[in-house]
Amino acid sequence: MTTRPRLNELGLSTGKKTRLHRILFEYGLRNGTALFLPYDQGLEHGPRDFFDNPASGDPAYIMRLATEGEFNGIALQIGLAEKFYWDYAGEIPLILKLNGKTDIPSDAEALSPVHATVEDAVRLGADAVGYTLYVGTPAQELDFAQFQVVRSDAERLGMPLIVWAYPRGSAIEAKGGKDSYYAVDYAARTASELGADVVKVNFPHPEKRTGVKEPYGDEFSSQEAIDAVVRSANRTLVLVSGGTRAGDDAMLEKARQSMEAGGTGLIFGRNVWQRGHDESLRFVDSLKNVLAKYPS
Amino acid sequence: MTTRPRLNELGLSTGKKTRLHRILFEYGLRNGTALFLPYDQGLEHGPRDFFDNPASGDPAYIMRLATEGEFNGIALQIGLAEKFYWDYAGEIPLILKLNGKTDIPSDAEALSPVHATVEDAVRLGADAVGYTLYVGTPAQELDFAQFQVVRSDAERLGMPLIVWAYPRGSAIEAKGGKDSYYAVDYAARTASELGADVVKVNFPHPEKRTGVKEPYGDEFSSQEAIDAVVRSANRTLVLVSGGTRAGDDAMLEKARQSMEAGGTGLIFGRNVWQRGHDESLRFVDSLKNVLAKYPS
Amino acid sequence: MTTRPRLNELGLSTGKKTRLHRILFEYGLRNGTALFLPYDQGLEHGPRDFFDNPASGDPAYIMRLATEGEFNGIALQIGLAEKFYWDYAGEIPLILKLNGKTDIPSDAEALSPVHATVEDAVRLGADAVGYTLYVGTPAQELDFAQFQVVRSDAERLGMPLIVWAYPRGSAIEAKGGKDSYYAVDYAARTASELGADVVKVNFPHPEKRTGVKEPYGDEFSSQEAIDAVVRSANRTLVLVSGGTRAGDDAMLEKARQSMEAGGTGLIFGRNVWQRGHDESLRFVDSLKNVLAKYPS
Amino acid sequence: MTTRPRLNELGLSTGKKTRLHRILFEYGLRNGTALFLPYDQGLEHGPRDFFDNPASGDPAYIMRLATEGEFNGIALQIGLAEKFYWDYAGEIPLILKLNGKTDIPSDAEALSPVHATVEDAVRLGADAVGYTLYVGTPAQELDFAQFQVVRSDAERLGMPLIVWAYPRGSAIEAKGGKDSYYAVDYAARTASELGADVVKVNFPHPEKRTGVKEPYGDEFSSQEAIDAVVRSANRTLVLVSGGTRAGDDAMLEKARQSMEAGGTGLIFGRNVWQRGHDESLRFVDSLKNVLAKYPS
Amino acid sequence: MTTRPRLNELGLSTGKKTRLHRILFEYGLRNGTALFLPYDQGLEHGPRDFFDNPASGDPAYIMRLATEGEFNGIALQIGLAEKFYWDYAGEIPLILKLNGKTDIPSDAEALSPVHATVEDAVRLGADAVGYTLYVGTPAQELDFAQFQVVRSDAERLGMPLIVWAYPRGSAIEAKGGKDSYYAVDYAARTASELGADVVKVNFPHPEKRTGVKEPYGDEFSSQEAIDAVVRSANRTLVLVSGGTRAGDDAMLEKARQSMEAGGTGLIFGRNVWQRGHDESLRFVDSLKNVLAKYPS
């Protein structure tokens, strides 16, 4: 039994509700939870992420994996969406990532520039758009400005807006870092205040306390932290990301705690495809076993 | 085994393919065929169509019927879509009808004025738009002009365009009438030539020969006629409409011939809901039994 | 106990719900019913309507009457709104009428041209806009085209759209006239299909049967007729207009039947102000006594 | 007897007067004063503000509190307005905050980026918009530039513009800080000079004199200071904010002095909801007791 | 036998496919490979590049060389295209370079400003446009922003988009430099992720390992490196550039390895025209001998 808000309690317009319903109830486990496959690492980190499993560098391989694994959606940048989604058009929901950047320049004043529009997403038949918001960056004026355009277009076109809410930049580094409970909690709230329909967060680390604002310096369990993050997101659905590849048991426990907290789902990329094909699908099954316990 | 063209042979953009795939393979029988429920008669004919089954005048009743009957889509005008689709958003595909008219003034120079846009359809999460083209009307200049805007917007936004291709107007009346094989065949071709992705036609009546152009004055079986109509539509998928309510056996035979000819599906309104609830669903089942024999 | 739909069942956007809530629950009887004062007769009929009570020709007199009578709103054309609403801004909701015409030319191809915009209404702080749709007019192409702009702007700006749904034109005259049950029922449905939030109709006359479509030629009581009209309007709230001045008892009985049918309120102009000041307010009280019996 | 300017003396357009009348006379005490509930702290400070009363992190709880407490309005960022206002649409006026920021990066060159528009406010049925102007910030070019767009849109759409006039930035810190009489007085005047209809100020601290411009280095009572601030605002209505939570008696005395000075109302957030539900409402009652003594 | 993707596997729109087909199968060797002549060095480096062969400074000479050498296309900036392409219009495909810069200022925050539009390219009858993307530059926000406009226009107008994907800027210099395998591989991927149809890369140097991200610090042969780069580009066709003039045997071996890896062609400028006319054509023949071995 979950405390996750239901679709008809979120204040959604008809178009947003239609598309989120499709993602949550017509694909994947069809039980109101979601497992997304993000595949923007080729831009965000470069091809180095594909060396562990060279096949993973081929978007066609990933598209196949996403449909075989019956994910609720795949997140792509515009270029790969244009080239690879047609083959599976409609078989799996597309989340078009509207901004992104390379990790070559410094992140001190991080900003993820927009290079595609909500209208591109409509044109490609996507069921949601993704936007990376670098919460706390000194470049927040530019970030909020380009976010406004995206939010407003998404509103006008009935397109669900998923915010990758990532604490980032020099000030965050000085206040506990990007994974601290303080930073993740603030990021989730910021996404909700600015108009995200769904927010993707990293799992919070309450033990990272150096420099955080009070009362985040107190002792909290990871369950308490993720509970609070989901509450801070209120009527914004929460997806927890996998991040860099880690041990399977630890990942599954994070997944369980996230769903227990009222999260809507998981968005796991490298943890899925940085291993062989069959092993990937077995891990996907483990994640789905968790999700199956938390129907809406 | 059908001669119906497959989705990836139609020259569709990614967005159109996504949405048509969804309609044809993620809803209804999920076998590439379609059964649509049109519900624009309240505007086209007025509430008189609802007197046989007063419940049918309530759009909420019809929405429920459409989901219970697991149709592949419901066609609504903008007003009812705004008011009633939210409750079932994403549970059944929406086809937003973009034009329509009352039947109060004369049909001699029939024109169906546009009162909603492709962008409205996007905003509401619709999976297709519908446009009534009055093939042969003396007002065809206005008709083609407003159709161009719709086609172009549909192209730009990746929205499948379903054309209600209706022969209409004084000249058609003088050349065999709106149901003649001549008229229906010409209408199907016109829709394809002007850019329809899907065309809705009435079942052709080859016996209506008075005034038709040669060689439609020859003898043709109804199977020959519908075969030709589907060929005329070429890479435009064909839906055959039920029209005014008629005997069930005759309707099912028309349905069978349409699918045999390579049609993609059926669009039946009054034949479905101008009877009690349970009887409606039983008739839907009969139609689906026909469709089940013609998977893609 | 009424069958009137509640505000949160109408599929309203936040802005439309806000403004309709204000009209229905923060002004007038504050019980979910509405009594509107229309004052566009100076344009629609000319000053002849003011001869019975010359004071009524002064918009300032009418503004005062509207606030003294605690109406739920007053409907004005743009010119009078610009000149007279400031004095009472916010004390009574303004419905800005966006189209209108003189009655000097023939009504055979009636069309009510737009001369103000939804943005004008926003600028003036109006809580709704009004549009006259001439259902059945041979000019329906132009009517629907300008209505689309109004509907779309109202949607974008969260402004409730009240449609004066008036059967009109030569074809209507040939089919039972503008007050027939057939015509009023069709008009209510048309407004709902095209996207009205509220529809203003004349009280239907089932005894006008000459030339009407079947089954409207059958016998119906006036209660049966108004019941059906409200059902045809479905999730569009119904206001019944007073029309030309008639006997008070007859008017009150029409009001009672309208509310009994599930109507939301009344819109009475000439019946109110074509008499002296105090008598006007007494009649308003009688109407409110009816409305008080039908809280939401 | 107050020296507060009356609505019809402010040079307001019809739409602005309509909406301000509604806020001041149709909600709350309905006597021309105002008590607003600001709820943007989740963005401005992060969820840490909610730890004292965890329920306060839930916007639904705050919406309920705002209606139970019969506030004259609630100030929300776009995200929470989209998700939570529908439930109470029209029951309490909405002030849409158009800009905002996190407090993670440095405030030395403070700028509050715009992320929503006046048109969003119209769409949501808001009765006013809010804009944070960082008076004295080195980034004032950007601040004034985006303010111009907001002011101009507010003018065009008849939307009252409430300016959060906050002295901020390195130069202010060097000249007595953000709460000095000098800074608050200058901020109130700046808002009025640039076009605010209403200005929100912090209560001035005449004892903060280090580095202030002459003659603010002289001795002033707090009553003299707030009197002057209200005079500086001239025909811009003044709201005094509560700021960080402090002792109730001190807050009430500040409230009394503010109203005595001719202020129009109070805007108290953390002082209200950083305590239990019933205690919140009791404190609201104390504030209203003050306001009741200063009718327009 | 090549692993190069075929034109109908790339997800191209009709217009893009038409124009790429023309380039690859109606000009040059007509076998699916391409040899392009870039001639933008006059802007990028200044006339110093023409001193070795003064005739090469005359665009008319280069146009003649391009047609005599039967190249698959010539890449020009707008000014030279306006002045010199008319003479050979249609005899050789034109690639209009849309951005470019002088090399006078520092490259630390490199950005190549746009000075022509896709519509210019259409107007001139070009068969593709070229855009220089400086992957890794600290100015990537501006770069991505102007690229979005180009990509979107190219999409709308069916114009193939060739990206000159050049690692550049201070961060790249600190991480192995612009020719490292790491940098070239990341650049190829970035072009594909952002929506290039064709990408021009420099030949990668796996021996440049100082400061590169893991695992690019390992040992790789140049064949392994170019193989990986082509895989990273996936469905984006790869052109390998000649760069500064080098020994012919080395260039031919690079060409061979590029085609072996699945490249589509070569884009050689200075290596071609920084020598006498006849020698230029002989070198072109050598390059074509390589291409002839790799038909599609």
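Residue numbering begins at 1 within each chain, and the chains themselves are lettered A, B, C, D and E in the order written.
One rule holds in what follows: a contact is a pair of C-beta atoms (placed from the backbone, for glycine too) under 8 Å apart; a residue touches a chain by one contact, two chains touch by 3 or more.
This structure is a prediction, so every number in the text was calculated from the model and none was measured.
S.K.: Closest chain to the overall C-alpha centroid, by per-chain C-alpha centroid: which is it?
M.R.: A
S.K.: Specify the angle of rotation obtained when superposing subunit A on subunit E by their C-alpha atoms, rounded to a multiple of 5 degrees.
M.R.: Result for this pair is 70 degrees.
S.K.: If more than half of the interface residue numbers appear on both sides, call it same; otherwise different. Which is it for subunit B and subunit C?
M.R.: different
S.K.: Would you kindly say which chain has the C-alpha centre located farthest from the C-alpha centre of subunit C?
M.R.: E
S.K.: If you average the CA atoms of subunit A and of subunit D, how far apart do the two points sit, in angstrom?
M.R.: Going by mean C-alpha positions, subunit A sits 35 Å from subunit D.
S.K.: Please compute the C-alpha centroid of subunit C, do the same for subunit E, then give the distance between them in whole Å.
M.R.: For subunit C versus subunit E, the centre distance works out to 67 Å.
S.K.: Could you give the separation in Å between the centres of subunit D and subunit E, each centre being the mean of its C-alpha atoms?
M.R.: 57
S.K.: Quick check on subunit D: which residues sit in contact with 2+ other chains?
M.R.: Residue numbers touching two or more other chains: 82, 85-86.
S.K.: Quick one: in the complex, what on subunit C touches subunit D?
M.R.: Of all residues in subunit C, those touching subunit D are 13-22, 25-26, 81-82, 85-86, 89-91, 94, 119, 122-125, 156-158.
S.K.: Using the touch definition up top, name the residues of subunit D that touch subunit A in the complex.
M.R.: Residues in contact with subunit A: 40, 42-43, 46-48, 51, 54, 57-60, 77-80, 82-87, 100-102, 104-106, 111, 113-117, 120, 142.
S.K.: Could you pull out which subunit E residues touch subunit A in their complex?
M.R.: Subunit E residues touching subunit A: 10-11, 135-138, 140-141, 143-145, 147-148, 151-152, 155, 167, 169, 171-172, 175, 182, 185-186, 189-196, 213-216, 228, 231-232, 234-236.
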